[in-house]
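Below, chain A partners chain B and then partners chain C, in two separate complexes.
So, the complex of A and B:
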């Protein structure tokens, strides 16, 4: 049953991709959706067995690589972390997005290819989270990277899509490089890359070594989970179809980095430096993305920056050693962010494919159901009390304060500010799209209409999850004393701060994020709904324009990358190609070797002069060499020379022979 | 269908089902928020503590029972 959860999406992908012409568009829809729904049902059973009944298991298929110390096998681990925290959101959301896409992509001529990619992505994501060693995980990791490229570039005739896909792939390669070196370091230190071996030996290892490994793993996670400074691929990847944005760039792929860090908790817990860096990166990313989201005008990009910001919260929670809270936020975020993206897709689709929020307005009367879904998603996102994200996001901020450390305070301040900013940009979106006066074209409003049932059902189910999931599962995931995650997570006793966060914080500190959220949301409604001219005046002076340009330009990260790093990298690559590859390496390597051998042959041939005096010279030299060989131990009474005398003679002979060829 | 548009502004306003579903979903969310606020609001605002008033034998009556038993 457990392997069927993995295989069914792969099966759907193969059938839809390779037999697309036979089965047709409807066949592709039916087969992939059925496979995903079946897989989701099996994952629910697995959740009961592994999560509720507490019986994790591992399945060893066969050996893959067996070379000296290195022993890697196709082994899968189904524990609480895999089954409960990753399988459920990945499969549920993937199933719902498959259903959503049957309507959303109905006009596209390449449905089979699209559904094949979607299912293949789901398979690789499941492979990533169920691998029992870092190598199997890396197969899934690379798999989702490749399929992500294919899906962003799905409309491959669009230049922007090409550019976004290449950017996503190359930026992820930077992280993968760090991750690969991390795996080498793991193998060098532990002699294995199995989770079980690595985690059981971690407490006995050198802290500096673990810090280096932790930072290398963080590099991989930073690229995949879009953390500063490897974040700029995520907003660009919104060029793909909206279901892709919802599945990959909100709910699943971006959580792969988080999964890597959470899975490595027994390792990270023994390096306070790595945890400090993770906290700083996470908190900075959360704040940075929220400020950028304030002034974006593309509907999907606003939600993309919101995703980066929420990922920052999750990474922050990992840095604070609160892995279970980070996981809870991963799952919660997957549900409400998928809802927001699908809602955005429904709006875009019904409004003549318009994505600029300045050209919407007044859609509450045309799309009431989509408005309600977006409102539910937004309220959940800004941690409205008792909605889903309240049970994780608020707790992360409280836990930051409860650390009573520098990094904790830094995370608390930025986390609280980010909560206010999140509320502002969420309600700016709601206000501009649904509430203000209509700003779009007349024809767009004439054709605006609510979506079909295939869109309504996923939105409704995700909305219910966004309302109830947090309350229902919070005690299981983050409740004090809950042993739900058993051995799959490890929090060092020194780093446990849930008791302080729950019982000893001042009430003002606990309520501060909620107060800031309320303030941010009210301000957004006031500014964009009631006093829009004031917003225009804000940016109608030099300072306002500069701030706007700086935030809208995403802190000019792309400018720095394009002007300095990318050009420098290209120059370095050119130099390596010209000087090293075709220069030194070829001179010393294949070209140089063949050339030397040819010249040597020619030179040896030249020795055959046919002159008797030359031959007598050779005979004399040979005799002297022989005498030297025989009497060297007596003449030169050193053991070192006696051992290498032959080498010296041969080297001297070689120099003599080859010297004409070097001219 | 294929004829000229009638004069005026005649958009596709949502049907009853969509309106009903939207109202139901919104009402569910607000009901849940206020219901939980009624149950847990005092604890959220710091007016009472989570370990108070669960009725697991730690109230005044239970204290009296302990005294009687003693």
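So, the complex of A and C:
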């Protein structure tokens, strides 16, 4: 049963991709959706067995690599972390997105390909979370990277999509490089890259080595989970179809990095430095992305920045050693972010494929259901009390303060500010799209309509999850003293701070994020709904414009990358290829050699001038030099060294005398 | 059995020789003979693999020919050479098939030269005598020279062929001197005798440098790479396939067999030098690859980068590293020919150009081709589930024990290979279909089968590398330096 959870999406993908012509569009829909739904049902059963009943298991298939003491197997591990925290959101959301896409992509000529990619992506994601050693995980890790390249590139004729896809792949490869080096270090330190071996030996190892490994793993996670400075692929990858954005950039792909960090918790716990860096990276990313999100105008990009910001929260929670809270936020985020993305997709689809938020407005009357869903998603994102994200996001901020340390306070301040900013951009989006005066074209409004059942059902289910999931499951995941995760997570006893977070915080600190959120949300509605002129005036001066450009340009990260790093690399490549390989080496090597030989031949040939006086000169010179050679040692009584010097002087003189004739 | 491997291609070429090259029927007959000969050879080598005893590190299937007083010829294989022999017998039919339909003149001698090349290449891997190794190492040069000059496509092919010839010959001269020195000291050039005799460190160093120069040209290592991309760009497709698939592996085999085996102290002594050169080669050639505009020379350049990772693995002095190097060189032997078939065969035949900028949006008309091209591109970047991935990771894991910095620098290849490979793929396959291209048919069944034939071993061995690893554990463990 456990392996069929993995295999079913792969089967769906193969059938839809390789036999798409035979089974047709609806065949492909039916097969892939059925496979996914079956897989989800099995995962639910697995959730009961593994999670509720607490019986993790591992399946050993075959030996993969067997080289001296490096021994890696095709082995899969189904424990609480894999099954409950990753399988459930990945499979549920993937199934819902499959269903959503049957309608959303129905007019695309490449349905089979699309569904094949979606299922393949799901398969690799499942492989990633169920591998029992780092190499099997890496198969899934690279697999989702490649399939996300294909998915972003789905509309392959668009130049922007091409660029975004290449950027996503190469930037992820930077992380893969870090991760690979991490594997080498792991193997050198532990002699194995099985989870079980590595984690059980971690307490006995040198802390510096573990820090290095932790930072290398973080590099991998930074690229996959879009943390500063490897984040810039994620906003660009919104060029893909909307369901892809929902699948990749909300629920699954970006959480792979988180999964890696959470899975490596027994390792990270023994390196406070690595944890500190992780906290700083996460908190900075959360704040950075939220400020960028404030001024984006593309509907999907706003949500993309919101994703980066939320990922920052999760990474921050990992840095604070609160892995279960991070996981809770992963799951919650998957639900409400998928809801937001799919809602955005429904809006875009029903409104003549418009994506610029400035060209919407007043859609509340046209798309009441979508509006409700987006509102639920946004409220959940805001951590409105008792909605899903409240149980994780708010808790992360509280836990940050409860560390009573520098990094904790840093994370708390940025986290609280980010909460306010999040509220602002979420309600800016709601306000611009649904509430303000209509800004779109008349035709678009005439054709605006609610989507059909295949869109409504996934939205509805996701909305339910966004409202209730946290309330129902929070005690299981993050309740005080819950042993739900058993051995799959490890929090060092010194790092447990949930009790402080619950009982020791001043009431003002507890309420601060909520107050800031409320303030941000009200401000957004006020500014964009009631006094839009004021917003325009705000940026209509030089300082305002500069700040706007800076934020809208995503802190100019792309400019730095493009102008310095990438063009520098290309320039260096050009230099190597043209100046070194085809220049210097060519001149010194083959070309130079043949040239020299030819020229020498020609020059020696020129000595033969046919003029008698020249020959007499040669004869005289020859005679003189011969005499010199014979009598020099007698005339000048010297040692061997000076003799050589004499010969050199003599040769130089010879060249000097002959050089006119060489020309 | 090995003597069969060596003789059958020659018999095949003798059979082809009397046939007149005047009708299509005769041409087909020659092609059939050449192909079936190489396939028979493949079959025999597979039988050899089946009969191979993995529990010993000694040479097996030894055959000694000393009936004539002036001729002593002994052959045999061990776990290391076995897979290179298999690779050769596997690549040769593919090379013959890849130019099956687009050589119009002198097809007879084309086929004959490939059959002879097969014999010569197998001989390089199976001879157990240093001097014979040198002879066969050099003997492929004239044949390839002829192939490039007569059947090549570029305008500069004569210069390319000349460079290829001169570079390799110049490097090998030093090898010849070294072999003569070994002969005068040991009294024999037999592999087993040399490995038993002790060579002082002082002379090992000099010998090592001489051998290294010869192999560094063949690998190739920077700055001796000048011949590779030219020879690739100007040779016919089959020539490129052989060059990338097997001839570059001479160097790998040479490092393992000669440098590590006979000159262990010097190999250890010069380890840092080799690592530095390999890293320089890796990074320089990767950066230079990104800006190539000729598809074939791009892939040729990427070969340089991969081979430098192989070098890192070989000189890591760990079992993982050396096994990884062997795996990676085999993987490169599958993937690089496949990419040459993609760009130099499929695309070049249809569009008539190899300039990347002229080709765009092929996926519109050639979806099946694009899928295969994509998979091979990924394999070239070392994606998990491909043999390249295992080779690369094991090599770098091995070198980590020597020097973590070198290993980390070697890992930059992971990023850079993705940059150039995906750039090539994306540029050619995606985007709006170029208005200057005609609508082309998708790949033919023959091209498809060729590519699939190369894909299957890459993936299967990527998932189950133990098939190979089991039989190279023992010979590799004898190469370690203590």
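Quick note on the criterion: the second predicted complex is superposed on the first by the 570 of 663 C-alpha atoms of A that agree within 3 Å, B and C clash if a C-alpha of one lies under 4 Å from a C-alpha of the other, contacts with A are read in each partner's own complex, and residues count from 1 in each chain.
Criterion: a contact is a pair of C-beta atoms (placed from the backbone, for glycine too) under 8 Å apart; a residue touches a chain by one contact, two chains touch by 3 or more.
Fair warning: this is a prediction, and the values are worked out from it, not measured in the lab.
In the superposition on chain A, contact of A:446 is made with chain B only, not with chain C.
By the touch criterion defined above, A:135 lies against chain C but remains apart from chain B after alignment on the C-alpha atoms of chain A. Look at A:570: by the touch rule set out above, it reaches chain C but stays clear of chain B.
Contacts of A:510 after superposition on the shared chain: chain B is touched, whereas chain C is not. One of chain B and chain C touches more residues of chain A, and that partner is C.
Applying the stated contact rule after C-alpha superposition, one finds that A:468 touches chain B and leaves chain C untouched. Look at A:149: by the touch rule set out above, it reaches chain C but stays clear of chain B.
In the superposition on chain A, contact of A:174 is made with chain C only, not with chain B.
In the superposition on chain A, the residues of chain A contacted by chain B and by chain C do not overlap at all. Considering their complex, residues 62-68, 70, 135, 138-139, 141-143, 146, 149, 153, 156-157, 159, 162, 165-166, 169-170, 173-174, 176-177, 180-181, 183-185, 187-188, 569-570, 572-574, 576-577, 580-582, 585-586, 589-590 of chain A touch chain C. Chain C contributes residues 163, 166-167, 223, 225-226, 284, 287-292, 318-320, 323-324, 361, 363, 378, 381, 383-385, 390, 393-394, 396-397, 400-401, 404, 407-408, 411-412, 414-415, 418-419, 422-423, 426, 429-432, 463-466, 469-470, 473, 477 to its touches with chain A in the complex. Of all residues in chain A, those touching chain B in their complex are 365-369, 371-373, 375-376, 379, 384-387, 442, 445-450, 456, 460, 463-464, 467-468, 471, 502-503, 507, 510-511. Residues 9-15, 18-19, 21-23, 25-26, 28-29, 32-33, 36-37, 40, 44-46, 49-50 of chain B are the ones touching chain A in the complex.
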